[in-house]
Amino acid sequence: MQKKIGYYPGCSLEGSSREYSESVVTLANAFDVELVQVPDWNCCGATAAHNLNSILSFSLPARILAKAQEAEMDTIVVPCAACYNRLTMVQHELKKDDALRAEVNGIIEAELKCDIKILNIVQFIQMFVADFVASKQQFLFDKKVACYYGCLLVRPHDVLDFDRTEDPQSMDEVMKSLGANPIDWPFKTECCGAGMSVSRTDIVGRLSGRIVKEAADRGAEAIIVACPMCHSNLDMRRPALEKAMGEKLTIPVLYISQAIDMALGKSQKESGINRHFVPVNISLQNKVAAPQVVLEKTEEN
Amino acid sequence: MERKLLTKDSYRSLITKLIGQNYQVVAPVKKDTMIDFLKISSFDEITEDYIVTVSSAKTVAFPRNEKLFDYEKQNKKLTQQDYDFDSIPQSVLIGVRPCDAFGFHSLSSIFCWDSIDKIYTTRLERTTIIGLSCNKADDYCFCTSAKGSPGSTAGSDILLTKMTDGNYIVEIVTEKGAKLVADFSDLFTADGGADKESLLAKVAANFSVDDVLAKINSKFEDEAFWTEQAMRCIGCGACAYVCPTCACFDIQDESHGGKGHRVRCWDSCGLSLFTLHTSGHNPRENQGQRWRQRLMHKFSYMPDRLNTIGCVGCGRCSRACPVDMNIAEHCMSIIEN
Amino acid sequence: METQNIYLPYLMQIDKVSEDAPFVKTFRLKFINPEDEANFSFQTGQFGEYSVAGVGESTFCIASSPTRKGYIECTFRKAGRVTTALSDLEEGNTIGFRGPYGNVFPIDEWKGKNLLFIAGGIALPPMRSVIWNCLDLRENFKDITILYGAKSVADLVYKHELREWDERPDVKLVTTVDPGGETHDWTGEVGFVPTILDKMAPKAENTIAIVCGPPIMIKYTFPILEKCGFADEMVYTTLENRMKCGFGKCGRCNVGKTYVCKDGPVFSLKQLKQMPDEY
Amino acid sequence: MARIGVFICHCGENISATVDCEKVAKVASEFPGVTVSVDYKYMCSDPGQNMVKEAILEHNLTGVVVSACSPRMHEPTFRNACAEAGLNPFLCEMANIREHCSWVHEKSDATTDKAIDIVRTLVEKVKRNEALAPIYVPITKTAVVIGGGVAGIQASLDIADAGHKVVLVEREPSIGGHMSQLSETFPTLDCSQCILTPRMVDVARHPNITLYTYAEIESVDGSIGNFNVKIRLKSKSLDEKLCTGCGACIQKCPVKKIPSEFEQGLGKRTAIYVPFPQAVPNKPVIDRVNCTYYIKGKCKVCEIVCPTKAIRFDQEDSFVEVQAGALLLATGFDVLKTNFFPEYGYGKYEDVIDGLAFERLASASGPTKGEIRRPSDGEIPKKIVFIACAGSRDPAKGIEYCSKICCMYTAKHAMLYKHKVHEGTPYIFYMDIRATGKMYEEFVRRAIEEDEVKYIRGRVSQVYEKNGKLIVRGVDTLLMGQAVEIEADMVVLATAGIASPGSEELAQKLHVSYDKHKFFSEAHPKLKPVETNTAGIFLAGACQSTKDIPETVAAASAAASKVAGLFSNDLLKRDPLIAVVKKCAPPLYSSCTGCFMCIPVCPYQAIDKEEIKDRSGNIIKTISHINPGLCQGCGTCVAFCKSKSIDILGYNHDQVCAEVEALLNEW
Amino acid sequence: METNNTNSFEPKVVAFVCNWCTYAGADLTGTSRIKYATNVKIIRFPCTGRIDFMLLMKAFANGADGIIISGCHPNDCHYTSGNFHARRRWMIFRNLLDFIGMDVNRIVFSWVSAAEGAKWAEVVNESVDQFRQLGPATAYQKLIKNSEFQEVE
Amino acid sequence: MNNLQQKAQQLLESGNYGLIVGYEKGTSGKARPVFIRKAEHASKLIFDESCDQNIAVYLYRQEIKHDKKKVIVANHHTLKSIVELAAENQVFDGDFMVLAFAENGDIIELNTFKEIEKHVATLYHGLTEAEAAMMKKIEDMSLEDRWAFWENEFSKCIKCYACRASCPMCYCPTCTVEINQPQWISVPSHTLGNLEWHVMRAMHLAGRCVTCGQCGKACPLELPIQLLTYKVALDSKQFFDSVAGTSICADNALAIYKPEDHENFIR
């Protein structure tokens, strides 16, 4: 049975991080989930808006939520960690502050109920993928990986209520289930430099450089991320990183959705891996056939 | 019985004149969501769009709170101020259904039994009851089973029956009625001989109240029967308060500081406190006994002691009942069992 | 008859207050308006509505004898709202009184008979009226026996009158208290009223028994009287159902079709047996 | 029949200057129920009081209203006067026409009228007053002390020395608590065990103290003066009467690798063990979870080697019941453990330890004989980073409070380290230094100045292991927030002090209120610091909030003196102005519906359930019951009860209603 | 005309106060000789927790134009939590009265501690001013008057 | 025979149950409570939208209180009331079995309070749109209009106490209105006494009203008195996050407190 779920890609996934969107769609399709885009969605405002205009920073995400509500979506998946963070924060604020909600409702001309379930990519995987992945998996992801969560996915805990803020584990668990060996490392939620990517590449070089180097030094063969910003800084800005660190860093950076796609045997094109700057030279070992049968049986049950 | 005709315009004039002559005119008025008897100040307030009003017409002679007398305490001295009978206004009660009108008969039996309740009798004396025959009925109506009929004149001083052209057949029942007609004789014209029966609502007689009367006494001791009958009853006073014949009351004092008054107010045998002794003993301690009291009172005690039935078949209690204790059904089950 | 407001009480002044037992008081009441007094008469067994302005009315019997003119007396126990207010009053205060209501003890029919009064606790007051009435017409009756019991010595009401009856040669008085209720100097009986009655084994012949007391006492007394051979029509009692009006309108005192306020409060055991169990 | 006397006081001119006292007296004499109404210059003077007394006797008064100053001033005076004249003191009320009238208003008719209103109000109230008698509760002069740490020890000894019986209940096999684990104590650096162990021995030897170790409170019922405490004596698998404490069993026990709780896991113990050498009682218990016999059904080495045949493998838990007049809670605290700090690697890295573990490292009797060696490889650490406020003062972590003792013990730790490892460098990351005790600030200064402890004001964001070192990343806020990274050999976290495990459960058993951190709540933060809201249950030490040793001992002695004070009378006299559940005649018995919603309303846990039974013992209904020993008379339940089944003596429904009516209506 | 009436109008005010804080605070007002309006008369309760909402209804039914409720500040309750319970009760009760159209400004709630003699005077004076502004509780007085006799409506 | 009737028949035939409290067709198509004791009467039972009466009121009735072999057919109002009655110790676990209905009409057997509580958690707890609109209509009025509105409504009240009798939460054997020492509330049904009665009733339902609206439905004079208890229910939710009928724990909104409870009117 085809499951339908609301989908808010956000600007990054339409632009610089198209591969993330591609991999998510591929992943969803593989598990019979239809991602239905929130109609007429707009930018979430990300960090920029709330630096400039507080009410605007509420109204932009609120409008997205209103559109989703209008389309009778009770759940939406938001792969971009920044968008996920903004949408969740705004819904939380509006829910508890009647006056603010009234004001925002006025601006966006809607009557927000504030009861949409907003999922990040890891939650999406936990909900729709994790239970069935073994049955569809073709390759074992038998690599040492460094799961990198970044700052927006797990903070602030009070609002997002997802994983623990320090030393989170959810991505590690997903990767373990694919057969990977996630390393224990201290930089899971370090800042990558984020929006400084454009204005102060040197800072990004230093911050992201340390992250990539630490992962590589601890023997990781890939860095797994869940945020387009993190990915850009760790992947696209690799030359700046190498410059800051003064050494060559070859470790590839994968979206967690891509990692699963790979394990499912999807091509690099299907999962957008071909768009990465740092080449992904990872070959996975074929999964033994035997358990697959057993698992398929379980699925029937 | 003398019959006359009252055109709809004359009817309006009559009411307007009565109000003009300082009569207290009480009529069915649509107020908020329901229709009830209220004092009116203009003809236009009257509605005829009802089967029966929510409350009965008894309130005119037996209001839900009646101040019996005043008193004052001053410096440890007590003085009483008797009921001011002069304050009772001359009233005209219009739009009373025949069932309701007949209810006054039962009420009077109670209030004139032995000691005469002058407050009640004075109020009733000063009230002219203009009945209105029923042209429609509903599932709750059972006047025909209770010795009444949609066009019965009993209890009314004047009975109006509305004709298809909007004019009214006037039946002058009592001298009081005749006096009122005489006072406004110019408004009444000769009777056109219309067939009253054809204008009346049809109410099927599903049982005979005589059968209930005959059977109910033998049921008294059957506690299981009454318990089962009253299982659904939640013990509120709604039935009694809307009933045109229920006359049970309480007497209470109300005071502020040294001044106050004694009040007679409606009470109901359905309420558990009705018969509760100060000692904690209650002769009618469960709802079955209380429901039995209600039915026995109407169909046994009143017929036996006052020679009147305590039920006129208006069905109000059943309409008002939050749990649909349909009195007609209960009567039938008494007959059946 | 129709000239008056039947709910308007007579104003009466409390002439004397006596405290008869814990929480039990007796008021002697006099009419404030002499006309009222002139028009007023009652017979033994009747009751009235006593009221405190601002508080309400309460029903109890007239405890004095109609043979004693110029006043009425009532005895009550502080229990509810009205009796609490009443017991706060003192001599000189004014209260309201409506009555008399109800039927009477048929003492004329009892002429030439022996009388056996059996009372318990606070139920002596209704009896007191008839006792004094009969004592005041002593020559009309033969033996007069009074059996009176209470929970404890302190709870016996009308203590000085009990003494007076005890001293009278023409009255046989037996007093008793419940086991445990006696004091060290108690000379009366100890035991429940029915037990003592059983012991007394009164002769039923030509005797009228008048029983008044709490339901439990009455319940156990009737069988003993029956055992002694009292016919149902020789036994009388009074009922005390809750009342508001006192004249058959307010609708709560009826026992089946019998109205305690009109047909009672005095009933013979024969009548009582024909009434349903609703009191 | 009300016969009320009204006595209007002029208070010199204090009242009469603005209130026409004669008029008040005259008007009051007309109030229904007022028999006598007089005014006088000084009502509280002897002649004034005599007027009241004489009037009571002469007029056989049933109530007295003294219309004068505030009842807070002279209510006892006039109530005593009434009592002397034979009138129940609770039939006397005061109408406050001074503080609430003459002093706050100008002279005017309105002021006099107000005084009249006040008098009328109190007359109506006093008419409805009831004669009340104080409540007396007999007292069982035994105290049960729960917890055998330094607080419990101190309190037990104090109470026992005062001549009362004490039952001391300790959960562990030995008394001593956390203090016995400490190395040296601030600010004097005297040896903890040296000062504690003699007190432990005193407890064991005291004739008034019964000691139950390895025991827990099973249930408590009753109330102040008369608690019934059921104590579960957990099976020690040992006949204590026979055991001489020779230790042969311990030496021979084959299971030797159990991490020792006493040593904070840094040392090992056997399956039959005493927690530490100076334990009191010094008799072993078998840890059934780890004992081979209980796991596999064979071994019994201890039984074989025991010279007195004291081992009892089949021994079961037993129970004792103690009647006690007071309970004293001294269950202490614990330090925060588990992986509460993923960013600090606690639980992940062996060399990240908490303060209590450091105490054991520094203790001469500890696993390293007092040498500071890191747990992972036994090396002497060259750099130790101490992190203060690990969890404390951190709302995000759920602990908003300051744990209070960490500043001091961290300074002590750094100092002890420096004393033992002269070449080592101790760093302390701190938020603020709170050294408020006697000689505390001096102690910290000594650490900084003499022992060169490096204090860094800032938070640590992360500790991670790299190349065998612990990288401590933090910030120095005194250096404009500069990032600091230290490669340390060992990290010591001053983890927050938290409520002892099981506190909540115990509090519920005892009906003692506790805060959201599960620390027990005192009855009043200032005036009743060692009492609980439940009368007869007292608090000592860190079970209330983290405390250092001097404070703990002070609190213990304070609580002990409260107990001794309570026990100084045979009967406990209590104010009768308490709430009662009204009863009435059958068949209703009480209008109480038994909804029991009033139970959580009562701040004193004074409400419980009462079964009304018929003569053959069948339960007719269950209603609320107010324990007169516990009720303090606030009346919150009275206003809450929707069926008006609870009333409060002295402020009952009838009284307050009459007051409202009298205040607003004239007659 | 009407304004004149309002000015000369002296509201009847009942104050329900707790014994430990506000009653003592009001004592302090007296001891400090701070003057306030004579309209307010105090009824003493052990605790604000004891104050039944029905008593407020009683006060209005007996012709009060305004009511003051006062007790210990939060956390200062002599009985630790009576005032917290009271606060919840008043939160619900006040809104309910507002819902039936009663002017809740006729009830003033305050926390006055035993040390706040001046505050008590202030609360009283401000409340009395407020009640004066509101004028007589005519809406309620109409009900009281009508309760004496009820004709057919 | 529909599912419910079959189920009822089975239960009664099994002998494990002796009484089913449910709904039947009453006069003029109205539904009304019914007490079925015989399997052959099971066909009287109905359950549809017309069965909106809260029949939890019968559970603690003397006549059947101690009958442990009873079953109640519960709509969602009734379920919530059962939970609240359980929290208030008026009904006891194991005294009856509940037949509730899933959205698709399937019958759900609920045997314990825990199960009922769990089921209730899946139900909607707010007001219906129509009810919310009525609330809003009144809240939007000016203070004077609101007073006029309620004065008019209260003037009609005849104090028949149908509101009380029909409310499952009004189980006190002696209601405050019946207490006369002191007389809290006038006995006669004048507007003042009526107002006091309705305010008191609402206050006593604070944190307890499950918003079934039965009081309003029962009123023969059609007073919208349910709005008063809705008001206290909504406020309890808003101020204290307390929703009656959702928890079998004794945590009535006015029986507990939080030091941080926030109001803005205490000076």
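Every chain is named by a letter (A, B, C, D, E and F) in the order it is written, and numbering of its residues begins at 1.
Methods note: a residue touches a chain if its C-beta (ideal position, glycine included) is under 8 Å from a C-beta of that chain, and two chains touch if they have at least 3 such contacts.
This is a predicted model, so every value here is computed, not measured.
Chemist: Using direct touches as single steps, what is the fewest number of steps from chain B over to chain C?
Modeler: Minimum number of steps from chain B to chain C: 1.
Chemist: Using the touch definition from the top, list the chains contacting both chain A and chain B.
Modeler: D
Chemist: What's the overlap between the neighbours of chain B and those of chain D?
Modeler: Correct list: C, E, F.
Chemist: Taking every chain's C-alpha mean, which one sits closest to the mean of all protein C-alpha atoms?
Modeler: F
Chemist: With chain centres set to the mean of the C-alpha atoms, which chain is at the far end from chain A?
Modeler: The chain farthest from chain A, judged by C-alpha centres, is C.
Chemist: Distance between chain D and chain F based on Cα centroids, please, to the nearest Å.
Modeler: For chain D versus chain F, the centre distance works out to 42 Å.
Chemist: Using mean CA coordinates as chain centres, what's the chain B-chain E distance in Å?
Modeler: About 45 Å, centre to centre.
Chemist: Just curious, how far off is chain E from chain C if you go by their C-alpha centres, in Å?
Modeler: Result: the chain centres lie 50 Å from each other.
Chemist: Determine the centre-to-centre distance between chain B and chain F, using the mean Cα coordinates as centres, and give it in whole Å.
Modeler: 32
Chemist: Among all residues of chain F, which ones touch two or more of the remaining chains?
Modeler: 156, 176, 181, 184, 186, 188, 190, 254-255
Chemist: Can you list the residues of chain E that touch 2 or more other chains?
Modeler: Only 53, 58, 62-63, 81, 85, 89, 144, 147, 150, 153 qualify.
Chemist: Counting only residues that touch at least two other chains, what does the list for chain A look like?
Modeler: none
Chemist: What chain-chain pairs meet the touch criterion?
Modeler: Final set of chain pairs in contact is A-D, B-C, B-D, B-E, B-F, C-D, C-F, D-E, D-F, E-F.
Chemist: Please output the residues of chain F touching chain C within their complex, sorted ascending.
Modeler: Its residues touching chain C are 180-181, 183.
Chemist: So in the complex, the part of chain E that touches chain D is made up of which residues?
Modeler: My answer: residues 10, 12, 14, 23-24, 26-27, 29-31, 33-36, 38, 41-47, 49-53, 55, 58-59, 62-64, 77-82, 85-86, 89, 121.
Chemist: Flag every residue of chain F that touches chain D in the complex, lowest number first.
Modeler: Residues 88-90, 171-176, 179, 181-182, 184, 204, 250-252, 254-256.
Chemist: Please name which positions on chain F make contact with chain B in the complex.
Modeler: 26-28, 30, 32-35, 53, 57-58, 62-64, 152-153, 156, 158-162, 164-166, 178, 186-190, 214, 217-222
Chemist: In their complex, what parts of chain D are in touch with chain F?
Modeler: Counting only chain D, the residues touching chain F are 588, 591, 593-601, 622, 640, 642-645, 653-654, 657-658.
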